[in-house]
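Labels A, B, C and D are assigned to the chains in the order they are written; within every chain, residues are numbered from 1.
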Amino acid sequence: MSLESSAAAKQTATLTPEDFSKISPADKNSEVIHRESISAWKDAWQRLLQNKVAMGALVLLLLIVLAAIIGPRISKYSYDTNDLLATNQKPSAEHWFGTDDLGRDMFVRTWMGARISLIVGLSAALIDLLIGVIYGGIMGYFGGRVDEIMNKFSEILYAIPYLLVTILLLVVFEPGLGTIILALTITGWINMSWIVRGEIMQLKNREYVLASRSLGAGSGRLLFRHLLPNAMGPIIVTLTLSVPNAIFSEAFLSFLGLGVQAPVASLGSMVNDALTGWMYYPWRMLFPAILISVTMLAFNIFGDGLRDALDPKLKK
Amino acid sequence: MKKQRWLVLLTLVLAVGMVLSACGSSNNSGNKGASSSTDTSSSPSSSDAGGEKLAADQTLRINFAADVPTFDPAQAQDNQAHTALNLTYEGLVRVDASNKEVPGVAESWEPSADGKTYTFHLRKDAKWSNGDPVTAHDFVYAWQRVLDPATDPAPAYSYQLYYLENAEAYNKKKITDFSKVGVKAVDEYTLEVKLTNPTPYFVNLTSFYTYFPVHKSVKDNPKWATDPSTMITNGPFTLKSLVTGQSMEFDKNPNYWDNADIKLNKIKATVVNSSATEVLSYQNGELERAGKPNGDIPADQLPILKDQYKDEFKLDPVANIYYYEFNMKAKPFDNAKIRKAFSMAISRDDIVNKVTMGGEAPAFGFIPPGIKGAESNYRDEYKDDFFTEDVEQAKQLLQEGMQEAGYTTLPPITLIYNTNDNHKKIALAIVDMWKKNLGVDVTIQNQEWGVFIKNRQNGDYQVARAGWVPDYNDPMTFIDMWTKNSGNNDIKLDNPEYDKLVADAYTNSDSKARMEAFYKAEKILIQDEAGVMPIYYYTQASLTKDYLKGVTIDYSGAVDYSRAYLTEHK
Amino acid sequence: MEPILQVKDLHVSFKVRGGEVKAVRGVNFEVGKGETIAIVGESGSGKSVTAQSIMRLIPSPPSLVKSGEIIFQGENLLQKSNKQMEAIRGKDIGMIFQDPMTSLNPTIKVGHQITEGLIKHQSLSRQEAKKRAIEMLKMVGIKNAEARFNQYPHEFSGGMRQRVMIAIALACRPSLLIADEPTTALDVTIQAQILDVMKDMQQKLGTSIILITHDLGVVAGMCDRVIVMYAGEVVETGTKWEIFKNPSHPYTQGLLRSLPRIDQSKDEPLIPINGTPPDLIKPPVGCPFAARCEHAMKVCERIDPDPTVFSDTHMARCWLHHPMAQEVKSS
Amino acid sequence: MVRYILNKLFYMLVSLFILISATFFLMKAIPGDPFQSEKKVLPEIRARLDEQYGFNKPLYEQYLKYLGNVIHGDLGISMKHLNQEVSDLILKTFSASLRLGIVAIIVSIIVGVLLGMLAALYHRKLIDNIAMVLAVLGIAVPSFVLAALLQYFFAFKFHMFRVVGFENPMDYVLPVAALSAQPIAFIARLTRSSMLEVLHADYIKTAKAKGLNWVTIMFRHVVRNGIMPVITYMGPMTANIVTGSVVIEQVFGIGGIGKQFVESITNRDYTLIMGITIFYGVLLMLARFITDLLYVIVDPRVKLSSRKEG
């Protein structure tokens, strides 16, 4: 066997005994390894920060939210004032996004619409979250018979075609924002509850939970201190992705004439209103349609980015 | 393990097979319609009609916005059925392009001196599509079917026949002997009709579908009107195929007595309920006619299409009215001055010119132009000048009204309309006018059709959108609905004088006196009570290719394609 | 002994966001015919990358063999085309991976996963391949092999799956087997069984083995020679005895100390090596172990030591063996 | 196996029962009824209709009677399409929806999987980016907008297709494109991420270590495992396409069951509403059931007794 034994001490010449004095542990310029020392959340956040596309989407979302808040205020028009002398006007200095069939300013209406759509999307997602987490948490935590019954119930509910229930609900109850949100959440929470259930079931047998339990932690503490925070990743991702779903569903309901009440408009209902004449007044469809698409895009991309950031499988 | 997977596969195959076989059977019926579209049967006589050269292919393509719910004249109630039944059936008389009664199955007819009995002489060459002759008995049978309390489901339009003596009593089970009802087949070809009151418009009425004859074979087959193969009809066309939600095809009926005058070979109808799609389909050359009454043109496109298709775009005034109802039993509209103020504070010109843009006529009365009066049109004889729009006066009226009712501010007001783009636009515009002109905030609420109509008919509303289509060509159809006991009196008008005027008009056979009564009643309704706020008299917008001729639209807007034809075109 | 594999000055890097991870930095070693060598080191020491480089299995990009040679049976594998490599993989070199739970395709019957390679490399018919596969399954100690042939991976336990992996890797009788932490994921009792199977197979087939492990305990029972890697470098090589009896690199010493021994008294604690390996995006200029080394001297931080050769088979890279270090120590 | 199916069947029946009951009472709670129109029906006639249709009976009696009929396979007669059997109407209109739906499902799967595979294979390259932009657009554009745009440009402007019609193969192109845009996008993203996962899986390394060539690895090992999540999406996709077809049928004037359903609600055609609800319910449950079975066939790890989450 020949080992690489060439000039074993090529630099020996320059070495001095001083070089061979021991370094005290305190002086060591020890490698500080950053990766392990930061919390999983910060880690995820940093990964997210590095994902330029996802951050772009987040910035876009924030801009949309901001515009939805201040957009209607910086215009001198109100979203519901008709001007029959100025109907279907092209975009101009006077009306930045043009006017609609009743002469209402499209700029104000578009941002008001965005506001309504966001409210619908966010409320529906948050209600899904609330019910889903509680229901799913109970299923996952208690398991056994409780889980079996509750799970079967949600499966049965899930089998009911959602469109049907939604339409029926919207016709039965007074139309309005509340009803729409209710209709969207009636089956929307099920998916969330299943995700929470799956996570909790996986987590509850982990060592630290067992340890905590052996130390006498109560169910509530276990669920809220240990289990849910650790299941937060998939929950947040699902939440992010369910916002655009709700916005889209509302648009779909608008198409069926079951959307929000005029003169209030959502992006979906505005697109639908413009649909019959869009070839002649393209701006009436274009602005809300682009905004709805961009919102959808941004939520989806940001959600994907979040998933990547929170998914430990992709950690390198 | 292996076994289990095979079982799974088997189950899967079975399940898919089930689904596929379920649809396989219905596929056939779908293809039937498609295949028959290729056979272009005998082309029409190429002789020109009045200097025009007929097109070789006499196939008319039109659209229905919804399925025809029934092809049974006794059960029909809507526009779609109206158009379809006008093609497949023929009543005692027809109405021509100038709204004149012309012979249909009846060659001639004469009223008695008191105007209460009509004798119709039927033509001997009228035949059913299976070759059977059309006889007076077929009419008696059909009318009995409509009135028979045992008919299932009960025909909602049975009241259209209540002009006949004892018809109402028989229909409402007060008498059980149909021979007491005022219709009798004197012989095979003579039909005698006795009426309760002299009814000048009765002959015209027999052109309406509820009066159409029905072949006796339907007795044993409750589903006869759902299947083209069991439909025996007597009109210029027969239903050839029917694909629910998709298409209908009508073929020329060779057994029709006047088929020499029928030039179309075939009528193909699509069933598309999106008005935008319908217009696009027309623009793309897939339809010869689009728009009302069977379809629609999107309000957004009206002003543009009007310019772009100058020669094809038509606005036909029709005797329908668009109006708002005030609930006279609900606050604050229990006060006439307040109602009137609201009615005077809007600009109908702006609505028709800038919102609906369909060339409608602003309405200041309730009876539309096109409804017959004593000599000519009622509206020509009596002007609708019951009030004028005047913001200042409206404000003052509102003040007075509020004082009378003791308001310092008005209670909250909600306007309801049924979900529809056009209704929405009008509502938004009117609410905005009220706000600007009266300083009153009105909330608008759209309601799904069934919910809306229920609320309105139950009086659960303050202001509601409404429209009225006449049942027959006489002012009565617009006036008797507001009598105290009328089921359609949603505004809850309760005016004894009004009711008396209507009762008089019913029994009076003098045209002039009747019209006078209607005018007085209309004045009460609009000027004194202001229970309804007329907005406009409808027009019907449609696009018709310039080579499509002979389509007639009657006073109410119903369309008759039976005498239409296509001239030569590219 | 005639070497069948020589790795010469191998450098492998990975491109990542923020730089290049220099995972393998100048590795040299060789494997003799029928010999079993172990590559030992912590995770991230570059041992797996080295092994996978031999098979050319590391995905490129992001990885990149910067320089070096891998001579297998006289030919440089790094210069082979993909097509040529396909003919070598599985036929001449077999490989077993760490996690038997994920190394088998869950949707394909175990038997077919074995026959795949046989059909490809030895042009056997399906029937012949099946016969061979069943034979292999029997050889690696799977009972009821005929029935097992038609089962799916999830119907096997972890140990059984690793036996299947061995059967797959050795089906074509390769002359070299690379076992990348084959026992790490298994229970201790199963570990021994798997090692026995490998030893047994080696005796039957005369295969050379590169065993990659972080567990010196595994090394003791199995190997002829040991290569200790740290931070992408070989820090010490030697025969099993040289390494165990006379570990000459503080890292090797550390590894040994962290291992429980039978002769250890109860009070004597196991001593872990403190600290973590350096970030290889910017590898230290000096000895990579200096930061964790209890004997670290000033020179260690400045200059990476060259190998000190103790015998034909034994060398270590550590300044402690520098004559000057001995002087300083004794003074 | 048999036990599994029986068990599944039992729960499907329970679901169906709840669906029927909930829909029945919800539907009856909607104001209005099938006989309402602008012109009010005379009270006497109204009373007769109520009697003929049993509306004069207490609600629970109507419910029990309906339930009894359904158990005997009788969905009743439509209240708007007079004298037409509800089951006939459903089958007739479903024929069009099924043709549209099946083509859309097939197109979605093929195009979606291909796009996803391409994106995964050319990970972080141009093709990946193009595929993902397409996929994301499919998710971001509402189907009714897409349908209107497709119709306007490809039928009207470019005269490539008919605006209305559903007979010739060409008539399918636009509605199918509009209907499958969203599922395609979803499947493409699903396939991509799952393919990426599979490509990095250990068993792919094993396969490479066996010396298998690229094509074999792709087809034997990668694709099969990579499209597995697509199968789990089949259930929701069916639901999606069924729901989406409501819009598409309206825009393209296709006489499908979706259009019928919306109309039946407007018309308060009680029997038809119930009939279509039951039909949809059974269809979707069947779709999920088939998905489960498919999964068992494709993935030997999944046993019938244990349901997968989500």
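Assorted remarks:
One rule holds in what follows: contacts are C-beta pairs under 8 Å (C-beta built on N, C-alpha and C of every residue); 3 or more make two chains touch, one makes a residue touch a chain.
These numbers were taken from a predicted model, which means no experiment stands behind them.
In terms of the distance between Cα centroids, chain A is separated most widely from B. The most centrally placed chain, judged by C-alpha centroids, is D.
Should one ask which of A-B and B-D has more C-beta pairs in contact, the pair is B-D. If you average the CA atoms of chain A and of chain B, the two centres end up 50 Å from each other. Remark: chain B and chain D have CA centroids separated by 36 Å (rounded to whole angstrom). For this pair, chain A with chain D, the centres built from the Cα atoms lie 25 Å apart. Per-chain Cα centroids separate chain A from chain C by 44 Å.
Of all residues in chain D, those that touch two or more other chains are 30, 148, 152.
The multi-chain contact residues of chain B, meaning those touching 2 or more other chains, are 276, 448, 450-451.
Those residues of chain C in touch with two or more other chains do not exist in this structure.
Against chain D, in their complex, chain B makes its touches with residues 3-5, 7-9, 11-12, 15-16, 19, 22-23, 25-27, 29-30, 34, 63, 66-67, 69-70, 72, 75, 77, 149, 152-156, 158-159, 171-173, 222-223, 225-226, 243-247, 270-274, 276-278, 280-281, 283-284, 286, 448-451, 453-455, 457, 466-469, 471, 487-488. Taken together, the chain C residues at the contact with chain A in this complex read 16-17, 28, 30, 237, 275-279, 284, 290-292, 294-303, 306-309, 312-313, 315, 319, 322, 324-325, 327-329, 331. Across the complex, chain C is touched by residues 1-12, 15-23, 25, 28-31, 33, 36, 50, 316 of chain A. Here chain C touches chain D in the complex through residues 55, 57, 82-83, 85-91, 94-95, 97-99, 102-108, 113, 116-117, 120-121, 152, 154, 165, 168-169, going by the rule given at the top.
Across the interface of their complex, chain B is touched by residues 1-2, 5, 30-33, 35-45, 48-49, 52-53, 79-84, 89, 91-96, 98-99, 148, 151-152, 155-156, 159, 162-167, 249-256, 259-260, 263, 266-268, 283, 286, 289-290, 293-294, 296-297, 304 of chain D.
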